[in-house]
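Residue numbering begins at 1 within each chain, and the chains themselves are lettered A, B, C and D in the order written.
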Amino acid sequence: MGVPEHHVADLSKAAEGSARIAWAGREMPVLAEIRRRFEVEKPLAGQRLSACLHVTTETANLVLTLKAGGAEVRLCASNPLSTQDDVAAALVAEHGVSVFAIRGEDQATYYRHIRQCLESSPTLTMDDGADLVSSLLLLGRGELAKAHPEVRALGEKLGEAGCQALVSGVLGSTEETTTGVIRLRAMERDGVLRFPVIAVNDSDTKHLFDNRYGTGQSTIDGILRATNVLLAGKVVVVAGYGWCGRGVAMRAHGMGARVVVTEVDPVRALEAAMDGFAVMPMAEAAKVGDLFITVTGNCSVITLEHARHMKDGAILANSGHFDVEIDLASLREAASEIRDVRPNVEAYRFPWGKTLFVLAQGRLVNLAAAEGHPAAVMDMSFANQALAAEYLVKTAGRLQPKVYRLPADLDREIARLKLATMGVKCDVLTPEQERYLASWREGT
Amino acid sequence: MGVPEHHVADLSKAAEGSARIAWAGREMPVLAEIRRRFEVEKPLAGQRLSACLHVTTETANLVLTLKAGGAEVRLCASNPLSTQDDVAAALVAEHGVSVFAIRGEDQATYYRHIRQCLESSPTLTMDDGADLVSSLLLLGRGELAKAHPEVRALGEKLGEAGCQALVSGVLGSTEETTTGVIRLRAMERDGVLRFPVIAVNDSDTKHLFDNRYGTGQSTIDGILRATNVLLAGKVVVVAGYGWCGRGVAMRAHGMGARVVVTEVDPVRALEAAMDGFAVMPMAEAAKVGDLFITVTGNCSVITLEHARHMKDGAILANSGHFDVEIDLASLREAASEIRDVRPNVEAYRFPWGKTLFVLAQGRLVNLAAAEGHPAAVMDMSFANQALAAEYLVKTAGRLQPKVYRLPADLDREIARLKLATMGVKCDVLTPEQERYLASWREGT
Amino acid sequence: MGVPEHHVADLSKAAEGSARIAWAGREMPVLAEIRRRFEVEKPLAGQRLSACLHVTTETANLVLTLKAGGAEVRLCASNPLSTQDDVAAALVAEHGVSVFAIRGEDQATYYRHIRQCLESSPTLTMDDGADLVSSLLLLGRGELAKAHPEVRALGEKLGEAGCQALVSGVLGSTEETTTGVIRLRAMERDGVLRFPVIAVNDSDTKHLFDNRYGTGQSTIDGILRATNVLLAGKVVVVAGYGWCGRGVAMRAHGMGARVVVTEVDPVRALEAAMDGFAVMPMAEAAKVGDLFITVTGNCSVITLEHARHMKDGAILANSGHFDVEIDLASLREAASEIRDVRPNVEAYRFPWGKTLFVLAQGRLVNLAAAEGHPAAVMDMSFANQALAAEYLVKTAGRLQPKVYRLPADLDREIARLKLATMGVKCDVLTPEQERYLASWREGT
Amino acid sequence: MGVPEHHVADLSKAAEGSARIAWAGREMPVLAEIRRRFEVEKPLAGQRLSACLHVTTETANLVLTLKAGGAEVRLCASNPLSTQDDVAAALVAEHGVSVFAIRGEDQATYYRHIRQCLESSPTLTMDDGADLVSSLLLLGRGELAKAHPEVRALGEKLGEAGCQALVSGVLGSTEETTTGVIRLRAMERDGVLRFPVIAVNDSDTKHLFDNRYGTGQSTIDGILRATNVLLAGKVVVVAGYGWCGRGVAMRAHGMGARVVVTEVDPVRALEAAMDGFAVMPMAEAAKVGDLFITVTGNCSVITLEHARHMKDGAILANSGHFDVEIDLASLREAASEIRDVRPNVEAYRFPWGKTLFVLAQGRLVNLAAAEGHPAAVMDMSFANQALAAEYLVKTAGRLQPKVYRLPADLDREIARLKLATMGVKCDVLTPEQERYLASWREGT
C-alpha cells in the first residue's frame, strides 16, 4: 500500500495514533458490527466519499468502516483546532486514507483542505457544520465571489460546466451537527440545495446521546484540562438549553457547580427553570458567573458589553460548533493585553482593571483542550453516519434535494445494537400489549 | 342562579371546595390571564362544551375559564376515583355548572355520567383518556353492542339519525393525555374519527411539564400519603420512560431511591441507562424492587407471573391513565386474602406466603391518594385546553377529522406568559442573531 | 387487662391505631429484633419509664418494646400538634399503656400531661426536646417560679423533700433531638444536671439517618400535604445546614426546587456552597424565596423584618423542634388579617398589601401535616432509645451526671442489624487489612 | 540568590512552572492572606522546615508562604509519580527553595530525597502519608533494619546519639492525609511518637473539602484524561465511603454513572445505601463494574481473586494514598502480558482470556494522570498547614507527643476567610439567639 495524497503534520506519529484509534474502537462496538457487515456486503463500492469531520480517533473508526464498505475516502478537518495529528498520520500511513488536516491550521489551509476533498469529485459527502456542502453549493451557483479564495480557485479551474458536473455528481450528503442542520434547512428553504442530505443529527440515537452525554462530559473535561479549577461552588453560566446545553448544565451541576441558564426560547427557558436552574438574561448572568460556556449555535452570545460587567477572573469557554458564540473580535480590540497563561488559556486584560480568561480561542473547548466526545457516544453517531451513507446509495435518485432524517427503524436498530453491546436488556411488547395499543375501543 | 342539573356526592361541601379552588387558582396565573380575556371577548359564546376530566380544583379553574368565555359547560369524571367531591359541589352550587361525578362511583355510574355529558348535544368536547370521544364515535358508527350499556341506552333512545346528528354537531374535541392521544391516532388510522381533535398533550407546554414535573411530584406525593414509607435506600422500579416515567424516575431518585427502569423502546431504554438508572426487563426487576410504579399507557405491565417473583412486602402503584397496567384481575384471583391496611393500601396475601401491597386499586395513585398534579403545571396544560377550544371555534369547518397539535406560536406564547408570571426573564434574539441563523453562507 | 390511667382524645379509634402501628412495625425490623430479645431477657424489669415523645405509630412500637423489656411505661406528647389520636387510643385500650396526649392540646394541658408522667416517680425518662427533664430539674432546684404552673403545682404538692426524692430516683434519661441535646449540654455546663443522659441524637445511626433522610422526606411530605404546590422551579430557602437542614435541602433539590441555604456557621455555609446551593443571609434570602423552611434549633430565624421583604404568596414552614424559629408572635401582631385557607395553612395578610402563608402554626410541619419520620429511620433511632434505656440500667451508679453518647459498638451493631434486614451486605476487614491499618511501619 | 541544594529533573522548565504556580495562586486567596501576614510577622523565623508533600503548583504556594514566614524550607515528594517537574524547577531556580523530587523516581531515589530532607536537621516537619515521620522515628528508635536503606545510611552516618539529636530537635510535625493520620495514631498508641503532630486532615476545613470536593473532582479528571471513556451509563464501583469515597461517588454519579459502593464500616455502608447507591461486597461488585476506584486507605481492596471475576475491559484506578489498594503484585504475576496502550493506561492480559486496564500503575490517579486537587480546595488545606506550623512554634514545649487537631477557632477562621474571598455571606447569631442557645429553661 503506497502512501496516498495527503497533508498532515507528522507521519512519524502514526503508531501512537493507531494505538489510540484501537483504544477508541473498543468503545465502538456498534460501528464495529456495521464494519463487519460492510466488509462482506461492500455497499459503498465505487463511491468516492469526501468527509469534513473532526479528525479524531472516533472519526478514524468511521473512516475505516466506510473504507471497509468499499468507499474511496478523503478526509479534511471540520475545525482548525480539533485535529489529532497522530490520528491523521495513522490514517495516511497505516490505512492508506487521504487526509488533509493539521492541528492549528490557518483559515487558508483549512479551506485548501476542503478544496482537496472536492477535487476528487466525490459522489458522497459527509459534513460537520456544513462547510463542505456550502462551499460546494457556492461553486454550483457560480457565487465564486462569496466562496473562500481557496475554493474560488477550484471553481475558476473547473469553469462553470466543471462546477455543475461537480455538484451533479453528488448523490447526497450527511450532516453531523445541529449547527449544520440549521444551515442546511436555510439552504433548503432558499431552494439552493441540489441533493438530498441526511441530517444525522436528527436521529434520536445521535442528538439524544452525542449532543447531551457527549458534549456534557467532554466540555467539562476540556475545561478541567485547560484550567484545573474547582467547579464545586462556582457559578457556571450555560448559554443555550438545547440538547448540548442541557448536557453541559447537567454535568456542571453534577460537579457541584451552581448553574445559571440563558435561553432565547421560552419553552426551553421554562424547562431549565423547572429543572432547578436559575434562568436569566445574559446581561444579568454576566454579573454573577465564574465560568461561562456557550452552546447555542448562534453568534454574539457573549459580547463586549457583557464582558464589561463580568467579575475579575471569569473564565469564558465555547462548546458550540463555530467560534462566533463569544464575540472575541470585540474583546480583542478592547483588551489592553492578551497573553498565554496556560495551554489553551489566554488572559485578556481590560482597561477597566479586570482580567478574563478565554479558553481555546473560543473554539470548541472539548475538542481543542480535551479529546472530543468519548467513543461510546460517537459509536452511535457514526453508526448513523455509516448507515446514512449506505442509505443514500440505496435510494440513489429517489430522494428530493431536501433535508431528511434517517428512517426511524434504522435509528431504533442502532439503539438496539447499542443496548446489546452494553449488556442491557429491555422488555418487548407482548401480542396482547400490541393489540391494546392499536385498539381505541377499550376504555375505563 | 338556580342549581343546574347535576349528580354529585354532597352539595354541603361547596364552601370547602371553593376555598380549595381559590387556593389552586393562585398558582394558575396563565389561565387567569386567559380568563380575563375570555370575559371580554367571549370566544366560546353559544358553544355547548362537555368535558370528561379529573374533577379537581385545577379543572374547576379551567371550567370557570371556559364559562367566562361564554360556553355552557357540562363536566363528568375521567376516572372513578379521582373526583374531589367538594370541588364538584362548589362548581354546582356556587358556579352553576352541571357536574356529574362522585368519588368512588362504579362503572355503570361512570358511564351514565358520560352519557349525561352527551345528552346536551355538545358542540365541543374535552377528553382525558378518550372515553367520551370513543363513546360518541361508537354511537356514530352504530356499534352499540360495543358501547357500555349506559351509552348504548342513549344510542337506542336517539336512534340512528339522532346519533348521526349528535356526532355531526361536534365541531371538534381536545385530548389531555398520552393514552388518549394513542387511542385517537388509532381512530384516525382506522378512519373512524369524525371531527378534528387537538392533542393538547402534544403541546410542549403540556407534556414537557405536566407529564414530567406534575406526574413526577404528584406520584411521589400519592405514594407517601398512602404509605409513609421511606424512599431513601429503596429500590423503586419505574415501568416506562416516557415523559411521565422520567418525571417519576427523577423524583424517586431525588428522594434517595435507587431507581430501576423497564422499557420496551430501545431509544428510551438507552436514555434511562445513560441517565444513570439500572435498566432491565420487568421479569428481573420484579425480583429486586421494593416499590413498583407503572406509567406506560399499556396493559399488563405487571402480571401475576411477575408478582410471583416479588419480595414479600413489595408495594405496587400505578400512575398511568387506566387501571390496566397492573393485571389486578389475575392478582385478585390468585390471592388467598385481600384486606385494607390503610386508606388506599390493600394487602394481597398469596398462597406462596408473601404479601404485596396494592395502592389505590391500581388506579392513578396521584389522583386517588393525593390531589393530582399541582396547580402550577395544570396552569399550562389547561391554558392549552382553553386556547384549543377557542382555536376549534375559530377554525370551524377548516380542519380535517384528524389529530392536530396546537399551533406552535400559541404553545410558545403560553411558555412566555408562564415565565412572566414566575418573574423569570430570558433573552431574545438580536437582529444580528436572527440574520445569522437564517444564513447558510457564513462558516468557519 | 384493665384500662390504665390516661388522657386521650377518643378510645374508639383504637382499632385504626393498631392497624397503623402494625404497618409501621413492618418497617422497623431492628426494633422488632430487640423486642424479641427484651421479651426473653427483661432488662427493664422493675423500671418505671416516663417518656415525652411524639405520639406516633413508630413511638408506639418503641413503647411496646420497652414494655416487653419489663418497664412500666407512661407516655406524654413532646409537641401539642404531633399526637396521632388513634395511636394514643390503641396504646391505652389495646396495650394497657398510660398515655397522656391529645392532638391540638393547649399549653396547660401539655404541661399537665408532663406532670402526669412525673407523678409516677420514674426511674428512667425519655425526652424529645428536654421538656420533661428541664421540668424535673426545675423541681429539683426549687425553681418553682420558673416552671410551668402545672409543673409547679406538682412541686408544691411534693414539697422540697419530695422533689429531691423525685429527682434522686431517676437513674438516667435519654434525649432524642439536637435541640434537646443543646439544652442538656447547657445544663451540664451550668452544673444543674443530676443524672446521666444518653444523647441518642449523637449516635451515628440516629442523627445521620433520622435527622437527614427522615426529616428530609417527611418535611417535604408535610409541605405537599398542606399545600399541594409544585416544588419544581420554586426557590426554597432552607435555614440551617445541620443534619436536618441538609436532609431538607437535599430533598427539596430532589424535587426540582432551587435551594438557598442560610447559616450562621461558616464551615457549614461553605459546605452548602460547595454542594452547589446558593448561600446568603436571611435578609437577602427573604427577598427571593417562594418557600421558607427553618431547621436551625434556634429562635427568631425568620423575623417580622424578614417578612416585610418577602414576596406576596410566600410560604413559611418550620421543621425544627420548637415553634420559635419563625417569630410568629410578631407576625401575628403585624397582620391585619389571619385566616385558614386549607388545613394547616393560615394566610397572614399584612397592611403592606402582601399575604404570607404559614404552615402548621409554625410547629413541626412533618408531624403536624404529615405523619412524621418514616418508620424505617425511626427503627434505628428507637433501637438506640431502647438500647440506651438498657444501658442506663446496666451502668446504674457508674455514670456521672453528664451527657453521654451511646457506646460506639452498640451504635455500629444497630447499623449492622439494619443492613441485614435490608438485605444489604458489606465487606469485612481481612486479617491482612486489620494488620495493615494497625501498622505504622509500612509506607511507600 | 544562588541556586540551593536540589535534585530536580530539568531547571529549564522553571518559567513554565512559575506561570502555573501563579495560576494556582489565583484560586488560593486564603493562603495569600496568610502569606501577607507572615511576611510582616515572620512567625517561622529560625525554623528549618522539611516537607514531604506532592510537588504541585498548590504546594509551591504553601512553600512560598512558609518561606515568607521566615522558615528555611526543604521539599521532597510524597509520591514518586505526583511530582510536577516544572514546579520543582521553579521553586529551585526562581525561589531558592531546596527541592528533591523527580517525577517517576524509583523507590531508592524517593527515599534518598526523604533522607536529604532529614539531613538539614529540621525543627518542623510536614508530612503527607507519614513517610517522613516514620523514617525519622525508625532512626530515633534505632530500628535501622526496618528503615529503607537510604534512610538507614543516614542513621549509620549520624550514629545513635546523632539520631537522638535529630529526633529531639523536632518541635512537631503536621500530617495532611487520612492515611497518614491512621499511621500516626498507631504510633501514638504504640508509644513511639516523640513530638506532637497536628492532624491537619482532621480540620473541618480540610477533610470536609479537600477529601470530598477535591478528591471527587480530581479523580474523575484523572480518569478522563487517562482514558477518555464515557462515564454515563457505566457501572462505577467506588471502594470506600469515607470523605474521599463519597466525593468520588458523588462526582461519578454527577457524570451519569451508576455507582456501586463497597465498605467495611456498617454505618457508612448504610449511608451509601440511603444516598441511593447500590452497596455490595467487592466479590459481587467485581462482576458488575466497568470502572473501579479504590479510596479506602487500606491494602488489597482489589485482589487477584476479584480480578478473575471482572468483565473484559474493566478499568482499575486508585485514588487512595498508597499504591497498595489494588494488589498489583498478584495481578502482574498472573498476567500473561502487560503493555502500555495510552499514557497512564496499562493493559493486563490474563490467561483466562480477559484484559483489564490499570491506570497510573495503581498510584493516585488524580495526581499521576491529572494535576491533583484544584487549588481552590488546597487553599484551605494549606491554610491549615501554614497555621499548624505557626501553632507548633507558638506552643513549643507545651504539647504532648500526641496527635492533635488544629484548634477549632483557627479552623473556623479559615472557613470565614474562604467565604469572604468567594463573596459569600452568611448570617451571624443575634444576641437573642446566643442567649436562647445557652439557656435550658425555655421549652415548649
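The definition used in the following text is that contacts are C-beta pairs under 8 Å (C-beta built on N, C-alpha and C of every residue); 3 or more make two chains touch, one makes a residue touch a chain.
Being a predicted model, the structure only gives us computed values, none of them experimental.
In this assembly, the chain whose C-alpha centre lies farthest from subunit D is B.
Legend: contact pairs of C-D compared by residue number with A-D, B-D or A-B; the interface matching in over half of them is A-B.
Between the chain pairs A-C and B-C, more C-beta pairs are in contact across B-C. Centre to centre, using the average C-alpha position, subunit A and subunit C are separated by 55 Å. With centres defined as mean CA coordinates, subunit C is found 39 Å away from subunit B. In subunit B, the residues that touch at least two other chains are 213, 232-233, 253, 256, 270, 273-274, 422.
Of all the residues in subunit B, the ones that touch subunit A in their complex are 78-80, 107, 110, 129-131, 134-135, 138, 146, 182-184, 186-187, 190, 192, 204-205, 208-209, 212-213, 262-267, 269-271, 273-274, 279-282, 284, 297-300, 322-324, 411-412, 415-416, 418-419, 422, 424-430, 432-433, 436-444. Those residues of subunit D that touch subunit A in the complex are listed here as 19-20, 22-24, 26-27, 213-214, 216-217, 220-221, 224-225, 228-233, 250-251, 253-256, 313, 341-342, 345, 370-371, 373-377, 422. Taken in their complex, subunit C has these residues touching subunit A: 232-233, 253, 256-258, 270, 273-278.
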